[in-house]
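These are the structures, in structure tokens.
Paired with chain B in one complex and with chain C in the other, chain A is shared by the two complexes that follow.
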Partner chain A sequence: MSGASTSHSPPQMASITDVSGLFQNAKKYEELNVIGTGAYGTVYKARDLHNGGNIVAMKKVKVALTEDGIPLSTLREIALLRQLEAYRHPNIVRLLDVCHGGQSLERDSQLVLFLVFEHVDQDLESFLKRSLSPLSQNTIRSMSFDILSGIDFLHSHRIVHRDLKPHNLLVTSSGRVKLADFGLAKTYDTDMKLTSVVVTLWYRPPEVLLGTSYNTAVDVWSAGCVLAQLHTRKPLLPGASDSDQLHEIFRLIGRPSRQEWPENVSIMLDSFPAYQAQDLAEVLPRIHPHALELIKGMLIFDPAKRLTALDCLEHPYFTDEPLT
Partner chain B sequence: MPYWYYDKKDLQNTPSFRDAISTDTENRYRKEGARFIIDTGSKMDLGYNTVATGVVYFHRFYMFHSFRTFPRYITACCCLFLAGKVEETPKKCKDIIKVAKSLLTEQKFASFGDDPKEEVMTLERILLQTIKFDLQVEHPYGYLLKYAKCLKGDKAKLQKMVQMAWTFVNDSLCTTLCLQWEPEVIAVALMFLAGKLSKFEVLDWNGRNPKHNAWWDMFVEDITMELLEDICHQVLDLYSPQPQSSGGDSPPAPPVSKQPKNDKKPPSITPPTSVSPIAVVTSKPVLTPMKNGADLKIEPPKIEPIRYTYPAYPGLAAPYPPPVYSAPPPALPPPPRLALGGPPPPALVYTEPPPAPPPRFPPVNVPPPNYFPPPLPGRGPPPPGPPPRPYYPPP
Partner chain C sequence: MKDVIDVLALQSSRRERRLPDYRSAPSHSLATNFIFECGIKLGLQPATVATAAVFYHKFFKEADKNDYDCYVICTACLCAAGKSRDEPVRLRDAVNVAHNSINRGAGPLELGDEYWSWRGAVAQAELLVLRLLGFNLDTPSPHRYLLHYLRSLQEWFPPSQWRSAPIARTAMAFLQDFHHSPSILEYRAPHVAVACLTLALHVLGVSVPLASTLDDDAAWYSVFTKDLQKEKNWEIMEKIMQVYSREPEPI
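Coming up: the complex of A and B.
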């Protein structure tokens, strides 16, 4: 920047606000129909008009703007999702594009973000509903491995999914499972207060239900519930409310001991009957002993004692025989 | 996924070029914008990663828009503002504007309009859409340090070389190199250049195997001498006499001393023969112009040295240094920011590296990584983001 005087006037500059209209993505994707509405926003099936009309899944997330524009946490999370995409992990749904709805007419305080994902026809929930007979042992093992591989990948990048459930696990035409609907956890947190959608509790670990701090172990718990469901095609712990969900859990794994009960929890241990642990083999009949042992290790009350996703992948259930 | 690397033809045929702005002028605008981000960032104590990220956004932005449509200094502010948030070193928009105002002439600041903050806010959305929300950007700094760790030789000389390479990386932000090559490749090339200029010949390195001809073969495949020279020349061009930018926003007079960027090499550096201009330089004093043959003239930074003191070289302690939010090193005199035509600027001064930076993220409960990106080809798809742990085992 020289302090020299500038003798020529600058070239004609268009005002920034004049051209911002160019950046509406309305023309880029054509919304077809709603696939799902969740706590975190609406997912549409859409056509990618710039890519030969490819079908994509477009997730609409409203972001509250701050005095200094788009919140840092949202930007960090999008940056991370974009960065993850470079690895093209086979068990993670592809993130194809991120765009926003442009400037709205009124100077409003929110921005509509679109996360554009590959579209996969079915999720595990509908897959399980449609299968008329039990899944083969091979299918169960391969799907379990896919789910845990995806979780391990997220965890190795410091991402906690927090809402794993069959509805968020996509099943491709070749029977592979991909994780969807992760990330933007901090963004959702602020957004969630605005929605009153009922979120399924069946896959929630006790530490989340009790409101204590949690970490990557939450996903292992949820995956344990899903793995059990692959064997029976029925939810393992179908609680009807927060408190009922805890009862369901303790009925299965037994009421934790006083030493195990976390501090600073508003719910008293004594508010639960002294449930004795059930034999998981009775709940999951005819299950391979290795699979049983694995699921037991994933459904441990204390998050610190629970298996990690990597532990699970190295379990004899997967390593004793090669996966097909 | 967006791909951010362009060949020289694309770099010539930019939106600005199609908007009747000459390549020389565009390159000057890019350089001024980048320098402005560096100056503003350093004045606000932002770390080198934040500044570099902002500059990369800036260069990418103008691959889609003309400098005529979007004045460079307000775009630069917006890039720094966004980079601050992405790199978790946020600065308030109004503070960035305040510093920008102090660094710009009144006429240049006029391009910010009546409500500068609102303009930057609007521009933020345009910027995000333009760079396709691809916010995480890697820079050569971390690679420099990683490579240096593997090289064997006199420690003081090695240190000196890395410091020089670090400075070249800072300055390379003013070129379009980040639109041409992955940070790994730029790090190799500028370390190579620093090695030549500081007389540090790398004869051995950890992890050497018989297939390696040079140390960089261990890190990046298929780097040719021609490519290294091309990159080095683009940086060295920054130090050759520039046409004065007294014309403000209008294109400058036809340059006499400088060939268009997209030409292969400026003749002042290219020897008439096929002799490699860089490879033959082996035993000249550091930081003085070198001659090796009648026409060979490599001009190291002394000609027009670094006009800013930032960012400091953080030392070899950590493989991936976090942003250092420190003021410029105290050993340096205040940077002669507006030194165009002023007294000769100080020679390169290097400071003691600050203490080892803390790890960037707090440890979390995660298993070790199983997924490593594939090795980087000479010019393949963009490399994946920084892995949570190094790609290569420590030597």
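Coming up: the complex of A and C.
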């Protein structure tokens, strides 16, 4: 700094180091209460003071500053979320603002970021718990379509959600479903192999449980589990542990053949009994035949043979009759 | 051997003399020159350097120019642009390049107080820039449009005519230089690209084949962008030319 300021009248270090002050002066949000805490941060309900006291949801994310400042991955992830926002997709939760936390930013300290989202009163989990009778066929169909439209939108922007579950699918007062919680959403590089602690157990696809590389198909599997849950209002594959989850899966769709079993997997195919595929119609009674066929296509062991989100949207289940 | 060294020394001293002196320049008058010089020294892609300039213009559209040190913000814009375009710059390199450009002939900074305060200031400024931009880092890239238009035009021109004038190079140079002006923020990327291309053709005295056979209100570039009026195109071209008249000290 001193170099830049030698010939400039007063050195302007003060205004630079006082960044935090600037943010605090512009207080925009008043925190109300904690909505939830997850592995990736706390979510608060807050009031937007500059926007007529609108209620918003603020996700607090702690970012470790590297020696080169804000990490590139974090920066790109936030920029990507901002970029997506420009499309205002109806099935994606609105990201209204991104701000820094107000604490001092010491050298090599943490940066607190607040992602400000629109506030939606309930998620699909509580929605399903609260509904006393089964959902109507129309509701199920339109919610299924919403979920898949959101997923298709993310996939067409090279984003894999990786953590789809009823808990982060929000249900608006008019019954539309919006995808939320991209805390772990990443730009998609071909064939990346990532940690397995990503998807909530019950909605985890076999390729994640087996630790092989995975791609957009993981979201389709998770959505398949959610769609089935819309019909029965209870989880389709409630496994108790990683291996139990695989047993649950193979009990339902049958143990894969030796040709289908991926290479370089530490778990042997023979460690599973030779389960025969169950008839999904028995698991999901009274389901529309098209819906059944769709879910079957989403719960295929081989990710390459699984339907894509776009395939799903073009399925007769949605196209035979117009959506209301 | 001695002669070679003499020539090199002569060249470098001549080059040194032509480089701007940021310390004596009135504040902000050379800000974008500084971004371009440092960006080039850091080996960044032209589009990344241009992004940094866009960040700078956007920042001072919101902030008061007297409130922040121009060169610290410029350095921070380069760092942020590098990250947003997946071409990260080491903070230490950025600080040293900036320091050395301001203090010509100075060596790398010692790891002392001066270094740490520079580094702290740039890191803070980067966060400030991000905040002021609202993390909207996806700048529309006129470079891509221009490249696409150039490729298409090249097919349309007879090869000999295309080779006879440096159309692509000139248009790209106009585009890059236009980033010295905050006016770059006012126009859509495809329009900027068309204006750079049109201006290059005018300057080089080249006309697009068969363009004269078009109706009066049709333009050859309507295949690229439909909503650019001729007046608007002229307006952008004038803004581009203004960059050259107001440049205080050419690099």
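Keep this in mind: the second predicted complex is superposed on the first by the 279 of 324 C-alpha atoms of A that agree within 3 Å, B and C clash if a C-alpha of one lies under 4 Å from a C-alpha of the other, contacts with A are read in each partner's own complex, and residues count from 1 in each chain.
By definition in this document, a residue touches a chain if its C-beta (ideal position, glycine included) is under 8 Å from a C-beta of that chain, and two chains touch if they have at least 3 such contacts.
All values derive from a computational prediction rather than experimental measurement.
In the superposition on chain A, A:His155 makes contact with chain B only, while chain C stays out of contact range. Using the contact criterion defined above for the overlaid structures, shared-chain residue A:Ala217 touches chain B, although it does not reach chain C. Once the two complexes are laid over each other on the shared chain, residue contacts for A:Ala274 go to neither chain B nor chain C. Looking at the shared chain after the overlay, A:Ile70 reaches both chain B and chain C. Counting the residues of chain A touched by each of chain B and chain C gives the higher count for B. Judged by the touch definition given at the top, the superposed model places A:Asp97 against both chain B and chain C.
In the superposed model, A:Leu132 makes contact with neither chain B nor chain C. Residues common to the contacts of chain A with chain B and with chain C across the two structures: 1-8, 11-13, 15-17, 19, 23, 68-70, 72, 75-76, 78-79, 82-83, 86, 97-100, 111. Here chain B touches chain A in the complex through residues 1, 21, 32, 35-36, 39, 68-71, 74, 81-82, 85-86, 88, 90, 92-93, 103-105, 107-108, 111, 113, 119, 121-126, 128-130, 132-136, 244-250, 337-338, 340-341, 361, 364-371, 373, 382-385, 388, going by the rule given at the top. Only residues 22-24, 27, 67-72, 79-80, 83-84, 86, 88-91, 98-99, 102-103, 106, 114, 116-118, 120-128, 130-131, 134-138 of chain C touch chain A when the two sit together in their complex. By the touch rule above, chain A contacts chain C in their complex via residues 1-8, 11-13, 15-17, 19, 22-23, 65, 67-70, 72, 75-76, 78-79, 81-83, 86, 97-100, 105, 107, 111. Against chain B, the residues of chain A that register as touching in their complex are 1-17, 19-20, 23, 25, 68-70, 72, 75-76, 78-80, 82-87, 89, 96-100, 102-103, 111, 152-153, 155-158, 215-217, 308-311, 313.
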